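Just so it is clear, A, B, C and D label the chains in written order, and each chain counts residues from 1 on its own.
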Amino acid sequence: MVDWRLYEPLINFARKRSMWIVAFCTGCGGIEMPPLMTSRYDLERFGMMPNPAPRMADLFLITGYVTPKTLKRIIITYEMQPDPKYVLAHGSCPLNGGIYWDAYNAIKHLDKYIPVDVAIAGCMPRPEAVMDGIKKIMDLIETGKADGWKRYKENYEYYKKNQDELFGEGWREKTARRWIPWLMGREKKREEE
Amino acid sequence: MAEEVKASWSKGEEIVRMLLEKAPYAEGTVRRERRLEFKVPADRIVDFLRTAKANGFELLLQITAVDWLKEGEIELVYQLFSISHGTHAMVKTRLPRDEARISTVMDIYPVAETYERDAHEFFKVTFEGNPKLEMPWILEDEDREVGVSHRKDFDMLGYVKRKYKLLDRFDEDKENYVI
Amino acid sequence: MIETALKALFILLYATFVGFMFMGIIRIVTARIHRRVGPPIYQPILDTIKLLSKKSNITHGLIYDFGILYAVGATILAVMFIPLGSIGVLRAYGDLILITFLLEIPMLGIMFAAMSSGNPYAGIGAQRALLTLLAIQVPLGFAIVALAEFYGTFSTYEIVMAQQTMGWSIFHFPLLLAAIAYDLVLQAMFGKEPFDIMIAPGEISLGPMVEFGGKHMGLLQIQHAIALFAETLFFANIFLGGGVVTAFSSSILNTIAGLAVLLVKQVAVLLIATFMGAIFPRFTIDQAAKFYWKWPTIIAALGAVLASL
Amino acid sequence: MNELLIIIFAPLLGGVLAWALNVRGIRELLGVAGAAVPLAYLVKLYSELDASGQLSHSIDFAGFTFSFSLTHLTWVFAMIAGVVGLASTIAMVSTSRDGYEWLFALMSLTGAYGVFLSFDLLGFFIFWELMTVGSFMMVLKYSRSAGLKYFVLSVVGAFAMFLAIAKIYALSGSFAFPDVANAVYYAMGRGDLALVFGLFLVAFGVKAGMFPLHVWAPDAYSETNQSYTAMFSGVLSKTGVYGFILIYMLIGYRLMVEFGAFRSAPKFGYIIAFLGGLTIIVGGLLAALQEDIRKLFAYSSISQIGYILVAFGVGTSLSIEAGIYHAISHALFKGLFFLIVATIIYRTGKTTFADMGGLAEKMPFTFAMAFVAILSLAGIPPMAGFVSKWLIFEAVISQNLPILGGMVFFGSAIGFVYLIRFTYAVWFGQRPTDLDDTKDAPLPLAVAMAILAIPNIVFGIAPGLVVKELNKIFGGEIVTSPTLWELNLGFGRYNGLLILVWLIVGLLIAAVIYFLGAPVRKVPVTDTYQSGNPVTMEYNLTIRRNFFLPLKEALAFWLRISFDKLYRDIGAWVEDFAEVMRNYVYNGNVQSYAWYLALILLILAMWGV
């Protein structure tokens, strides 16, 4: 209808300067967020703000180690975000497992399951390092290189295969039903009362 | 084992003596100030905890388990706390490793339900009378099916390598791994 | 006909732009109170552009889309009825009761859309929003009653005109009480602390807003901007004397001066709400209801009774 | 035979025939015809009425003269009965079970017509009782206890009315309305007047469901055929409302003269208005806390009647006109609501909110109708509900009555509250798996709903249509209506068409922005944010039970005060008292009766007889 390519620079500028964060803090990096958000480093200067609902969020911060249990939620939340969406991984745990390299319940390579646009090394990275990462992702957005969401669409089979290998086929339904026998039992008891 | 430092906490000794009078089947010592230790046979644990609760140990803080592989036993440690005496107490009991069954203490300390589920999931101890033992707890279903446990005869590292398809860059014979 | 259309277009654009600036002002002022730098003032516009230019959107059904459109449409309808200085499209029909209802029904549209998604957070948010509405309705009603009884008319435009000769409403004691109550009510209508339990970001993921994303949220941002403008404009009109300037000989200059006067008054109303919002924590829903049913109700009822004597 | 008598007795005739023949197919036809004939005659008589102003007819029966009259006022009320009665009977084609229901439903419709058209107190009373009997039998079939509660309170009301009529008859020696009004104005004493007013208040208050006499309504409205409830709440409660107008017509002037006015409202009217205000609040709050879809609308009906009472109580011609307008729109939207409830129950067989959800996808037509009804009841411009509420607001507030103004404002908010609860629990959210093959409304119900939905929209956009008729009642321009779309009160204006046009303009602007954005993708209800947890249809996350729990907790103190319980306690005391009397006084012992006789004789002797 309208040729939006003409306005692409403006839109990219808006995308860059208005990144809403999913407030989904995993691991120990969540505690690095308050200084970033509050008066010390004040991320709101760049138009970033924490946002509890993924439907209207752009930036997904993975702040620390990821367990399989969390990864399921991360994938579901990530898929709920509307395109374009960006992922920023904090610290060494999402990179290679970090100090949890031999733990049965910590994911070793996050980018096998969802695309990561920018990874920040460190255990934990200091707020300055996180700011640097955010600067990096802003540059990537402006030049159109932050294309994790495109990669996820294009290589969906690869990501799906890795997810299914880890969790087993049909893990969404299985996880959703996991508690149902127990919840139904409680429901029944409540009704009997 | 380092040389035991005999504690001299007279109040603690009094508490131990008072409890042991009522529960002669147990052994009790004072580890140090505010740390008491009791050893109870597995079949009397309910009696002992009931006695303890009646004598000022109001809280159950935790139930932990230790796997003694060589001795073929699993040690359960019930950590009690007394507000009135101001002291911890570790109540230890041992179960055979391959037949780890013990009675639940839910009716004495209701909070035990959660800790018993924990010990059941990771050390395969069966607490008879706890209705929620089979309820999903920390482990994912696929881990459960494989039988992940913290018992020492479970090959955790091998399982991790298999599960996450790690490149086999480390050797289990080495002392330190570099990744 | 063309003149009406041009006026309506002007009101719409002006309301949207000023509304976005208001949203920016709220964020900057809150940031300064927190000793932060804060975003640029045009930040809400960037947010809206970003949301509208999302490349994938979801819907939960027809009502999900229609509720949003309805909310925006009703807000535009409401702003047309409120006299804006000497510009007015429908101000002859700007009845107090009608405008009060029109300012409330966008929320109904949002609730419809939110609940059609079936999200439990949205359900809880809707419940809290409705109970807040129930709580504010009593003082709001009394404030409107006080106004109507004091001036003997329901027409907003006539009330504005009456204030040009009688002095601002807040200089009359009964209406001062009504204005205080109405200002407390505005706090909940803006959805600012301490009465923002309905969106409660940390607890129920923004409540009704949880499922909106992309262009739905962008439309809601526009709706929020216009509603912010309309609510402050309504307050400035009925309590602060509106924006009627007759000092200049040129009518265009008069109009511009009137808009400027109104803008100052609106910003004053906005700043009060922002200051209150920045320093208060959040009330739970029963605390909010008890608060509204106690002091603002007493104040407003006293105002209404005094005005009717 | 006179047209008025046809209007009154056609439904009864249809009902009796339907019951006597009791053949499926024919009885429905007869019943609908019984409801349609009066409506047709009412429409036909309109031009005649317009020319002459009043149509009268009287017959002599059993030594009394019964006179009937069709005036502009009664025509409006009879039209309410005609339209809602027709829609309700059409809906009954789907939901009724046997000839019994047709007989008594149409009998109560005859009663309602009779009440509206009677021009003397005796006929009024007889048709009132006919109506009560018909509706009582309808309730009795479904629930014994609800029926009995309704019956007891109706008997109290009927007894009060009977006493009042007897009092008036003793004074005037005539039942005809003009004679009665004259006699009351010139001859009635202050005490008698207050007594008659109180008795009428009880009599009409019971039928209208006025607080604190409303306790029968929730049970009776919910424990019967829901198609019939559309008539029950839409028409039968209007007879109570009509009764309040009758108070004005018969004893209003005298009351005004005798007791004076509070501000500009008559003092006796202020009592009605205040009780009406309490009815709004109590009915609305209780409606929000109901768990049963039928009960919610029963309480909501009570709450809306409160508006009408407030308007009538204020007592200016503007406010009475506003009240009649609200009576019309209440009959329309509440009739529509009960038909929607009937459809839901007919299709799902469930009545509680806990068992429902997600029906909007399965019943789109019914949902569209519900949407109209919701907008109308909540008072969203431009709908009929908004116009009438707006008139009431203006009428009440312009008379400098701040407390009543606050009450009606609160009432409009509580309307939002319970409607949203209904919307959320029934239409949206996850659908229980056993409702997956629910079908949309059957044809008769759909037709009936459409009959009621269209005026809901039309009377909101073109309020001039209604106001023109209502102005005729008062014989003057109470509400000026320069065009069909506009109302002008002098201190406030409303234009339905302008609102509609600008709303459409606003919607178009929004739609343009909406369609410029990227296309939308439909997602299932399970694709919803639950803190990242996957959602399944097997466990229903929609909040259905106790939706307004915080409100319940906030009102816990007030909810303990229950007039229903008070009446039950009084009933229990009476029963106990009777038990005591039976045990000790009327114990069946001849000897003790001899003693009573002796005692009475002794007392009489001492009295000097």
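Keep in mind that, in the parts below, contacts are C-beta pairs under 8 Å (C-beta built on N, C-alpha and C of every residue); 3 or more make two chains touch, one makes a residue touch a chain.
Keep in mind that what you see is a predicted model, and the values were worked out from it rather than measured.
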Farthest chain from chain C, going by mean C-alpha coordinates, please. B
In terms of Cα-based centroids, which chain occupies the most central position? C
Computed distance of Cα centres, chain D from chain B, in Å: 69
Averaging over Cα atoms per chain, report the distance between chain B and chain C in Å. 60
Distance between chain centroids, defined by C-alpha means - chain A, chain D (Å): 56
Go ahead and note the Å separation of the Cα centroids belonging to chain A and chain B. 37
At which residue positions does chain D touch at least two other chains? 516, 527, 529, 531
Using the touch rule from the top of the page, what residues of chain C touch 2 or more other chains? 53-58, 205, 210-211, 214
Multi-partner residues of chain B (each touching 2 or more other chains): none
According to the definition already given, which pairs of chains are in contact? A-B, A-C, A-D, C-D
Contact footprint of chain D on chain A as seen in their complex: 1-2, 24, 53-55, 72-74, 76-77, 80, 172-173, 175-177, 179-180, 183-184
Chain C partner, complex, touching residues on chain D are 263, 358, 360-361, 378-381, 386, 390, 393-394, 397-398, 400-403, 405-406, 408-410, 412-414, 416-417, 420, 423-424, 427-430, 489, 491-495, 498-499, 502-511, 513-514, 516-523, 525, 527-531, 541-543, 547-548, 550-551, 553-554
Tell me, which parts of chain A touch chain B in their complex? 68-69, 96-97, 101-105, 107-109, 165-168, 174, 178-179, 182
What does chain D use to touch chain A in their complex? 515-516, 526-527, 529, 531-536, 538-539
For chain B, which residues are in contact with chain A within the complex? 135-136, 140-143, 148, 156-157, 159-160, 163-166, 177, 179
